[in-house]
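We just call them A, B and C in the order they show up, numbering each chain from 1.
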Amino acid sequence: MNDDILNAIEKKLGVSRRSFLQLCAAMAATMGLPKGAEAAIAQAIASPQRPPVIWLHFQECTGCTETLLRAEHPTLDKLILDIISLDYHETLFAAAGHQIEAARKASMTANKGKYLLVVEGATPMKDGGIYCKIGGQTAHDLLVECAADAAAIVAIGSCAAWGGMPSTSPNPTGSTGVPVLIKDKPVVTIPGCPPNPYNFLSTVVHFLTFKKLPDLDDKGRPKFAYGRLVHENCERRAHFDAGRFAQEFGDEGHRKGYCLYKLGCKGPETYANCPSILFGDVGSGSWPVGTGHPCIGCTEQGVGFQKPIHALAEVKSVVPPASYPRIVEEQGEGMTFGSAAALAGIAGLAAGAGATIARNLGKGGRDDHSAGKE
Amino acid sequence: MSKYAPLGGSLITRTTVIAGTLVAIMAGLVLYRFVFGLGAVTHMSNGYPWGLWIVYDVMIGTAFACGGYAMALVVYVFNKGEYHPLVRPALLASMFGYTLGGVSVIFDIGRYWNAWHLVTPGYANPTSVMLEVALCIMAYVLVMWIEFTPVFAEKWANAETKRKINKVLFVFIAVGVLLPTMHQSSLGGMMVAYGYWIHPLWQTDLVPLLYLISALAMGYSIVVFEATLVTSVYKRPSEGHLLASISTYILWLLVAYLVIRWADIAVQGKLGLVATSGRLSVMFLLENLLLGLPVLLLAGAARRAKAQIQFISAVCMLAGAGLYRIDGYLVAYNRPGWHYFPSLGEVMVTVGIIAFEVLAYIVFVKRLPVLHAAASPKDNQRAPHLAATTNK
Amino acid sequence: MGLSRRNFLKGAAAGGAVAACAATATAPADARENKALPPKAVGLLYDSTLCVGCKACVVACREANGTHPEFSADEKLWDSPLDISGYTLNVIKVYADGTADHKDQEKDGFAFVKKSCMHCVDPSCVSVCPVSAMQKDPETGIVRHDPSACIGCRYCVAACPFGVPRFSWDTPFPRIRKCELCSPRQAEGKIPACAEVCPTGATLFGPVAALRDEAGRRQGLAAGQVTTFARKTVGSSDVHEKAIPTYVPHIYGSTEMGGTQLLMLAGVPFEKLGYPPLRDRSYAAESETIQESLYKGMVGPVVLLGGLLYAVHKHTKNDHEED
């Protein structure tokens, strides 16, 4: 990357080139990209062509947007003003009413097939979707309209991903996630309540850099963020493996930082990278289990907002397998060279001696002198 | 004068020196076992808690030592006095076999300092087959040493003592027949409790009967084997006519054994397993081959009279019945995932015990009136000569 | 020369009187029946579908019984016994097939299973021990081992149909060890350590009758139905809710070897978990039937001895006179 570009970036983002390269490296690390990827990311971010983004809000608490406000690299202002072109966002826009709807339509026309659609919140489907309307349009209509010409769709938060909290039984409004409603476009889901902002930012930057979405699992979640169970990277895992559990909130085990499984921790059945990247950029322990609360499984459909918080988690996976013996283990000591040789020698000696004696007997020579073996 | 006489001759021969060395190696290994534990010397494990020591030294060793029992049965119970010359050497071998089998158990049991519990009524568990075996073997060892007292008496005691001993000896002879009948069958009976760990071709409720019959046949075989060996090695006159009729017993015992074994397998519908058990099928067939061959060899009276046929049959019989015991307790004993093959240490201890037996037998026949003195004076003179030539 | 065939067979028949008894051993008339469950029998119910493999039971067992960790890896960092042993009285093993994605599923699934003493109703180890070192408590049915009586013959190690008693091979002063259901803790009014600490109630302590009922209740409910599962002791108020899994329709230990006081439920066939199908009749009963038919009241041996004494006395008379 040449100096001109870096100088341009300095001017554009108002950050030192050192901070900028650190940002790119951090993004690459979050996504687990190989060495050298940070340069591609820097190139992509520095390019004057900012991708347009349309951000829809349906049935939600705006927690996902709030969590973005807490991001430090880059900060939200840098993100929306300099990295992407945020053309529509109800919370962050100064404008309102028909003015903003006009802006959305203008952007969609201008960037047809190129814009990124971000959906925050669930889409109510019951009773014709009347439970959430914006500018007279139901959420579902809006979603379908905006999705039609989007390059890709990101469903941020558990609500958009599968219905989340609003879909909790008995689900009075028929809250539904984006992947169920939009079938003809790739939908990335970033579940979490709230989701980790870096999982969202890294997905966006991946799209910017490589012009495609990252690898996804069967639920549309980026594998770099949701590839492993919370249980697998949990800092309290050692206590689980050693059978040390907090029995109740505030007891000795709880204060000592023992495993929270017995208090209902859903880490063993929840895929997320919370224990690895933490929240809020304030250092170690800054995630639910780190602060002493069991994981509620907010990133996992069927677990978060579905199972009682005190209910015990199902164990999803047997890893690490090395620490459990198999049903049948190969044990005991088999043949050694020494013993095999000794036994073979004895058998040979006995057979030889036996044969010699038998032969001598065969000669009929009971007085034969050659049977010298005692 | 006694019908029996010591062989005489030097005790230091090549054979005794080799045997002595092997005994010394065994002593070292046993010491090591007592200092560092069973695992340090043996390959026994929680999957194969009984190894070569129990299966060879006790199961096979005592069955090899059934010569005394087998001969006492024909001579004293069935009154076949003509076999008298064979009784003492057989009894001597039995005495050593059993004594050493008993001693080797002390190496094998983990908490030997509690061994006295076996003979303490407060600890006895009457349902335990092993208790019966242990008590019988201990009692039989004692009985055999008593049965053997005339031999010592002839060397060291006066006529009066000898007469007194002989008066009560019949009781011990009778007990000496009863005890092996009990424990040789029970050595097999111990297997029943193993249940499904043992392959169905070996696991049957008739196993006590099979063990008893095969032990008796082994007893007669060892008599043939030893008599042939002693005749051949010490240049003594042949007892071939006696051995031929003893071979008849081996023949009929083997026929009985094979009929019962195969009929039992057939009745229980396990015949298919004979062909389909892989490695175990091979072992089973090898075992039956070794036990079937003597039947073929000994079937004709003319063939039976040949020393060579007698000897080969006896050896096959001993090998086959030994294999039957090894198979039953080790090869067919199968716990998933577990492996066992005796360690060099285990093998050397067993070899040492056999060497000790050979050593003691030589010492006894050379110094005590064990072998029948029916031979001509020439033989008695030749024996020392032979010992001298082999003493290099 | 020698015996005629007829004489020999006659002799063999007489000499084989004991052998003849062996043949009658299989007669069902005097067969020793399986023993019955003691009235106040206690035991464990292990539900593989509840087990999460945390091994709290293994750790608690070590503390309660004063055993030391065992290592199967080169790095001696984690307690990693391969199996129960002379130093490990219980262990959690794992069944894994293919991708091992789903718990309690035979194909491409995985399951945990506990290995420890089954506390048989009719235990082989008690039957075979020559010095009564293995004892079954007549009240609670707990199978205990008394090292002060034990001679270390390892017949119990070899004969146990579940391969439970284990021996310490690496010491000159070895002993047999096995789970004794924390008898010393029970004497203090506590329950076995493994049941005490189990976070899911996968290991549940209680009277065997109540445990059988509980196992039956679980199997009686439809898969997917949410119900409560007690922790620690059957019927305790410490419960958690969970849906009923798809159980294999059998309670392992209800009939095997005449029944065991450790019962098991699982979602994967027991055979795959190292618990093969076993018949109802205990091997102890079979072995003792043979022994009893041969040696009951020592009648057989005494009669045989009488005959032998007569014959030997008669046939050794000549010897005496000769001497």
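In this text, a residue touches a chain if its C-beta (ideal position, glycine included) is under 8 Å from a C-beta of that chain, and two chains touch if they have at least 3 such contacts.
Since this is a predicted model, take the numbers as computed values, not measurements.
Every chain gets a centre from its CA atoms, and the centre nearest the mean of all protein CA atoms is that of C. The largest tally of C-beta contacts between two chains is found for B-C. Centre to centre, using the average C-alpha position, subunit A and subunit B are separated by 71 Å. Centre-to-centre separation between subunit B and subunit C, using Cα means, comes to 34 Å. One finds 46 Å separating the Cα centroids of subunit A and subunit C.
Shared interface positions of subunit B, defined as residues touching 2 or more other chains, are 45-47, 336.
Residues of subunit C found to touch two or more other chains are 83, 274. For subunit A, residues that reach two or more other chains under the stated contact definition are 328-329, 331.
Of all the residues in subunit A, the ones that touch subunit B in their complex are 328-336, 338-340, 342-343, 346, 354, 357-362, 364, 366-369, 371-374. Remark: subunit B residues 34-40, 44-47, 49-50, 73-81, 108-112, 114-115, 117-118, 123-125, 127-132, 134, 162-163, 166-167, 169-171, 173-175, 177-178, 181-182, 185-186, 189-190, 192-197, 205-206, 208-209, 212-213, 216, 241, 244-246, 248-249, 252-253, 256, 333, 335-336 touch subunit C in the complex.
Remark: subunit A residues 240-245, 259, 261-262, 268, 308, 310-318, 321-329, 331 touch subunit C in the complex.
Within the complex formed with subunit A, the residues of subunit B that make contact are 13-15, 43, 45-48, 228-229, 231-233, 235, 237-238, 240, 306-308, 311-312, 315, 336-344, 346-348, 351, 358, 362, 390. Within the complex, the subunit C residues that touch subunit A are 52-60, 72-73, 78-83, 91-96, 100-101, 103, 110, 112-113, 197, 199-200, 240-242, 272-274.
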